[in-house]
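As written, the chain order gives the labels A, B, C and D, with residue 1 at the start of each chain.
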Amino acid sequence: MKSNEDTGFGSNPDNYGGRFINRDGTYNVKKEGLPFFQRFSLYHTMLNMPTWKFYGTLFAFYLTVNFIFACIYFFIGPSEFQGILAVGTRGTFKEMFFFSTETFTTVGYGRVNPLGDSANSVAAIESMLGFLSFAIATGILYGRFSRPKAFLLFSRQALVSPYHGGKALMFRFAAYKDTHTLTNMEIKVNAAMVVADNGKTVFKFYDLELERSHVESLPMNWTVVHPLNADSPIFEYTAEDMKKSDLEIYVSVRAFDDVYSNIVQQRTSYTYSEILFDRKFIQMYRESNDGKTTIVELDKLHEHRASKV
Amino acid sequence: MKSNEDTGFGSNPDNYGGRFINRDGTYNVKKEGLPFFQRFSLYHTMLNMPTWKFYGTLFAFYLTVNFIFACIYFFIGPSEFQGILAVGTRGTFKEMFFFSTETFTTVGYGRVNPLGDSANSVAAIESMLGFLSFAIATGILYGRFSRPKAFLLFSRQALVSPYHGGKALMFRFAAYKDTHTLTNMEIKVNAAMVVADNGKTVFKFYDLELERSHVESLPMNWTVVHPLNADSPIFEYTAEDMKKSDLEIYVSVRAFDDVYSNIVQQRTSYTYSEILFDRKFIQMYRESNDGKTTIVELDKLHEHRASKV
Amino acid sequence: MKSNEDTGFGSNPDNYGGRFINRDGTYNVKKEGLPFFQRFSLYHTMLNMPTWKFYGTLFAFYLTVNFIFACIYFFIGPSEFQGILAVGTRGTFKEMFFFSTETFTTVGYGRVNPLGDSANSVAAIESMLGFLSFAIATGILYGRFSRPKAFLLFSRQALVSPYHGGKALMFRFAAYKDTHTLTNMEIKVNAAMVVADNGKTVFKFYDLELERSHVESLPMNWTVVHPLNADSPIFEYTAEDMKKSDLEIYVSVRAFDDVYSNIVQQRTSYTYSEILFDRKFIQMYRESNDGKTTIVELDKLHEHRASKV
Amino acid sequence: MKSNEDTGFGSNPDNYGGRFINRDGTYNVKKEGLPFFQRFSLYHTMLNMPTWKFYGTLFAFYLTVNFIFACIYFFIGPSEFQGILAVGTRGTFKEMFFFSTETFTTVGYGRVNPLGDSANSVAAIESMLGFLSFAIATGILYGRFSRPKAFLLFSRQALVSPYHGGKALMFRFAAYKDTHTLTNMEIKVNAAMVVADNGKTVFKFYDLELERSHVESLPMNWTVVHPLNADSPIFEYTAEDMKKSDLEIYVSVRAFDDVYSNIVQQRTSYTYSEILFDRKFIQMYRESNDGKTTIVELDKLHEHRASKV
C-alpha cells in the first residue's frame, strides 16, 4: 500500500471541492487573483475550441472587423472614394462594407477605390491588418491541425471483475483514430481517498499496482488491470465503502506518437459512482472475413456483462 | 528465451487475421464501430498522401470550389455584376467561373466585379474562404515538409547466414537521404509465433537478442544480427518450421534526427516467406577514387550471395 | 553538503560581476568578441519581444518599406504610371505611397497601375517582397504563439520558516495560465556562495536537498522546502552570514506541458536580500462556494506572515 | 581503455577514405545507388542553405516562373487580353511578363486582364500556383527560422596542456548567440585510430574519459579535458605517433535549448594535424567595468599560449 506524496494535490479535504480530475482529463481547479488577460491565452483557447465554434469565431471576427471599417469609411464619406455606384445612405454603407471586405482579404477588385488621404490611409492600415490576420489564422489553424493528441477513448465505467480466482479493478481504452500509432505506452493509476489519519480526516493518494503498466505499442485495445489483493488500498471495498471514502481513481497515459514524433498524454478519472461490481468486459476484436486482417470493434469498448465470482 | 507479454498484441490466434505488422510498418489492423469522421483525420491523411496525389487533391479542390461558386454567381445572374463582356449562357458561366478564381485566390483583377448585394456577399464569403484555404494549405504543406521521418531502407529479405561457426539471422538497413543524420539509434526485434501452450495453440511473442542493439550514429548501413543459439526461440528452425509456426519477425528502430532535432521511429516486419537460408549480404561501402571520402552503395542493400556453413 | 562542480559557472570570484542568474531566469552574462550580427538572432529577438513592441515593430517596418518604395516610384516619375489623379509634388508622392501599400499587401485596386518598364519592375519586386514579408510574419507570429513556455509565477521572496521543530528555506510558485497543465515536474535548487578554500576566496556551488523535488502534476501551487539541517551548506546562517557569503539561491524547474506536448523549463534566483527570516506563507487555495471545485488564489502567492520558531 | 564497438563505423581501413567526421559535424560519407530525387530532400536543402543563397534561389524561382508564364501568355496572344497598351513584340512580351507577376503574387491591378478562355485558364492556374508557392515559402521560411540549432563555436585546435602534474588533451567551446540558453549539456568524445589487431591493421574506436562530461548549463565557455593517463588510448603519444595512427578525435555535444524547448546536437572533430602540443588556453571571461555582470570574450576562444610541463 504505497502512499504517494508527490501527486501535486494537498491533503486537507476542507479546502477541496468536488473531484480532482474531470472525465476529460482537465483538473477540477479554478484560478483567481490575477487579471483575466494574464490568465487567458488566446492561442490555447482557439486551439481547444470545437471545430464549429472555431470557424464561427473566425467568421464573426471577419464580419465585425469589416463592419467597423465600413463605419470608418462611411464616416470619412463617399467623396474620398472613386467608383461608388450605389446611391442613398444604405447603398453607400453597403459599398463601404464590401470595399472593406475587398481590402481586408486583399482581393481589391478596384471598382471602388480610395482617392482621399483619409480613405487611403485607413485602407492601407486595413490591408495590413488583413495581412496579419491571415498570418495569425494560418498559425492557429496549423496549431490546431498539428497539435499532438493521444486520441484515446476510455470505457465509461471501471469494473470490478473476476481475476485469477480473486477480483481486480479493470477499465480499458483504445486509440480511435485510423492513422495513429502509439508506441512505448505507459500508464499510471492513482487512488485518491479520504482516510482517518491520527484522528484527522485527510486525503491520501496511493499508486495502484497494475498487472502491466507498459506496452510496446497500442494497435488494439488495452485492458488495464489492478488486482484487488492485500496490497491494494481498496482491497475488499464494497460500493458503499468506496462512496464513504469519496474514492477517485485517476489515470494518466503517456505514449510516443509516430505521426507527430512526439510524446502525447491523456488523463481521465473514475469516481466511485463510475465503478460497477461483478461485471466483465466483452471481447472487442475479431478476425476479418477474408482472414487477412484483424478488426477492432470500437463500439464494444463500453460493453460488459454480469460475471459473479 | 525471454517471452514478451508487453507487445500490445493478444495471444488468441482465432481472432487474428494475417500478419501483425505490414512491410511499411503500419499495423495490420482495421478499426470499426465509430463513425468514419471520428476515426478519420484530414490532416494525417493529407500528410501521408503520395506527392502527386496530394497536389492532385489540392487542384481538384480548387476546381470544385470554383465550380460551385460559379454556379452560385450564375444563379444570382449577370445583372448583379459589372464588366461582363461575354455573351450567351456558356460565356456568362465562364466569366463567373473565372471571376470566382480571381476572388478565391484574391487576385481580383476587377474587370468583372460584383455590384448587387447577393453578388457582393457571396464574393466576400468566397474571398474569406480563399484566405482560409490558403492558411490550411500552408499548414498542411509545412506539416508535410517538416514531418520527422526516419527515411530508412530495409533489405527486402532477412537471411540465415554463417556466424562465428554457427548461424545468425541477419537483415540490414541504411538511411537513404543525403542530408539526414541519425544518432543514438536503438533497435528492437521481436518474434511472433504460434506455439502450443498447455494444449492450446496460442501466439507467443519473444524478444530476439541482438549482437548489438545500439549505435551512436548511422553514417553507413547497419547489419542487425540475431545469433541463432540455444537462447533463441527459433534455434535450429528450418524454413518448414518457420512456416508452420507462422513466424513473423518485427523490427522497431528509434533514433534521434539532427535535421528535425526530434526522435524518429520506423517499423517493418519479415514473415517466414521473407527469410532466406544459407545466404550472406555482400559489402556495400567502398573508398572513393580520390581516397578522401567513403561511399555507401545503396543499390547493393538487397544483394546477397550463397554461403553454406 | 554535496558540492556541485557541474554548474557551468567558474569558481574565480574576481572575474564575476553581480548575480549569476537574473530574477527572470536569464543568465547575467554578456557576450563580446563576435560581430553583432553573428551573435544576434532576428527570430529570437522577435519571439521574446513584448506584444506591443512586436506589433509596433511590424507597423514601423510596414511604414518604412512603403516610404522607401514611394520614394523610388516618385523618382521614376508619374509618367510611368496610369490613373494618377492627384496633382502637385505632394499629391503625387501620396499616390505613390498608397500605390506602394496596395502593391506590398497585394491588394492591387488598380486605379493607379504601372505602365513603364521601371515602374513595372519595381512593382514586381515589391509585390514579391510583400509576399515574403507576409511569409516571415506568419512564421514569427506562429513562433510567438506556439513557443513552449512554463508560465510559472514565483513568490517574490524566499522565507526561512519554522519546519518540523527546526527551520527550512521555502519559496513557492504556481502556473498562472488557465489552460496549462504541467506534469512530471522536477525542481533543482542550487546555492552559490563565496567560501574560503585553502586560503583563497572562491565561489562554491551546492545542491540544496529538498523535502520533495518531483511532483506528478501542478494543478495548484507548490511550496518548495529545503530543510535547514546539518546537511545544508547554509545551516544556522543569519541574514548577515548570507550577505557576507554573497549567497544566491538559484532554481530550475522542468516539466512536461500538455498543451505543447513538450518539455518546458523556467529558472529564477533569490539573492540574500530576497530571503526573509521567521515568516511563513499563508494558504492560497480554498473550496468554491458551491463545493464543486477548488479555487487557487494567485494573488496570495507572495503573502506571508510573521512566524517565529 | 574502453574500446567502443557501437560507433556505427566499420573497422576495415581499406574501405574508408579521409576523416570520419568533417569539422562542421557532417559525416564524410557520400551515398550512391539510388536516384538523385530519392536521396534529395528539397526541404532540407532549402533549410541548410546560406541566407544569401536561399533568397537568391527564391528570386531566381520567381523570375523563372514568371518568364515561363509570360511565354505562355505571349503564345496565347494579346487578343485574349484586355487593356494592353504597349505595342510591338517586345512591348507585348513585357506586358505579359508583368501581367504574370501581378497574377502570381495575387496583386492583380487589373489594367491588363484576361478575356479569352485560354488566357483565363492559364491565369487561374498561375494564381493558384502563386498561392501554393507562397504557402511553401512560408513553410520553408518558418522551418529555417525555427530549426533548433546548438550555435556552438569550437576552438580551432585541440591542445595537449599541463594538467595536475601530467598532461591532458583539451579543447573548448561556447554558445555564441546572445539569446540562447543551453542546459543539461552532455559531451561525448571518441578517438578513431588505426591499430594493429592480430596482425591486421584495423580501425579501433575508443571512448575518451573526461574530467567532466555533463554541465547543468552553458552560460560561459566550457573547456573539455581528457586526462592523458594510463587509461587513455593515446597516453604518451607524440605528434608523430598521432599522425602514424591517423588519429581523429570526434566530439558530440547534446543539450536542451530553452528557446526551442528542444534537444539540440552538434558534432565536430579534430584530426592529428589540429592537435597542438605544450600549449594552454587563455582565460576568456572577465568582470564588467561596472562590476554588475560577467563578460564572455568570444574572440579569445581560439587563443592559447606556450606552456611546457
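Heads up, the rule we're going with is that contacts are C-beta pairs under 8 Å (C-beta built on N, C-alpha and C of every residue); 3 or more make two chains touch, one makes a residue touch a chain.
Because the structure is a prediction, the values reported are computed rather than measured.
K.L.:
Sharing over half of the contact pairs with B-D by residue number is what counts; pick that pair out of A-D, A-B or B-C.
P.N.:
More than half of the contact pairs of B-D reappear in A-B.
K.L.:
Can we say the copies subunit C and subunit D touch using the same residue numbers, with more than half in common, or are the two sides different?
P.N.:
Looking at both copies, the contact residues mostly diverge.
K.L.:
Between 0 and 180 degrees and rounded to the nearest 5, what angle rotates subunit A's CA atoms onto those of subunit C?
P.N.:
90
K.L.:
Provide the C-alpha centroid distance between subunit C and subunit D, rounded to the nearest whole angstrom.
P.N.:
Spacing between the chain centres: roughly 27 Å.
K.L.:
Between subunit A and subunit D, what's the gap in Å when you average each chain's C-alpha atoms?
P.N.:
Those two chain centres are 38 Å apart.
K.L.:
Can you list the subunit A residues in contact with two or more other chains?
P.N.:
102, 106-110, 134, 138, 142, 262
K.L.:
Chain contact graph: line, ring, star, complete or other?
P.N.:
Topology of the interface graph: complete, with all chain pairs in contact.
K.L.:
Note which residues of subunit A are touching subunit C in the complex, please.
P.N.:
Contacts found on subunit A: 4-10, 14-18, 20, 26-34, 38-41, 43-45, 47-48, 82-83, 102-103, 106-110, 113-115, 117, 120-121, 123-124, 127-128, 130-132, 134-136, 138-140, 142-143, 147-148, 188, 190, 252, 260, 262-265.
K.L.:
Which stretch or stretches of subunit D touch subunit C in the complex?
P.N.:
Interface residues on subunit D, with respect to subunit C: 58-59, 62, 66, 85, 94, 98, 101-102, 105-111, 134, 137-138, 141-142, 145-146, 153, 176-181, 183, 185, 212, 214-220, 222, 256, 258-259, 261-262, 283, 285-288, 290-301.
K.L.:
Under the stated contact criterion, what part of subunit D meets subunit A in this complex?
P.N.:
106, 108-110, 138
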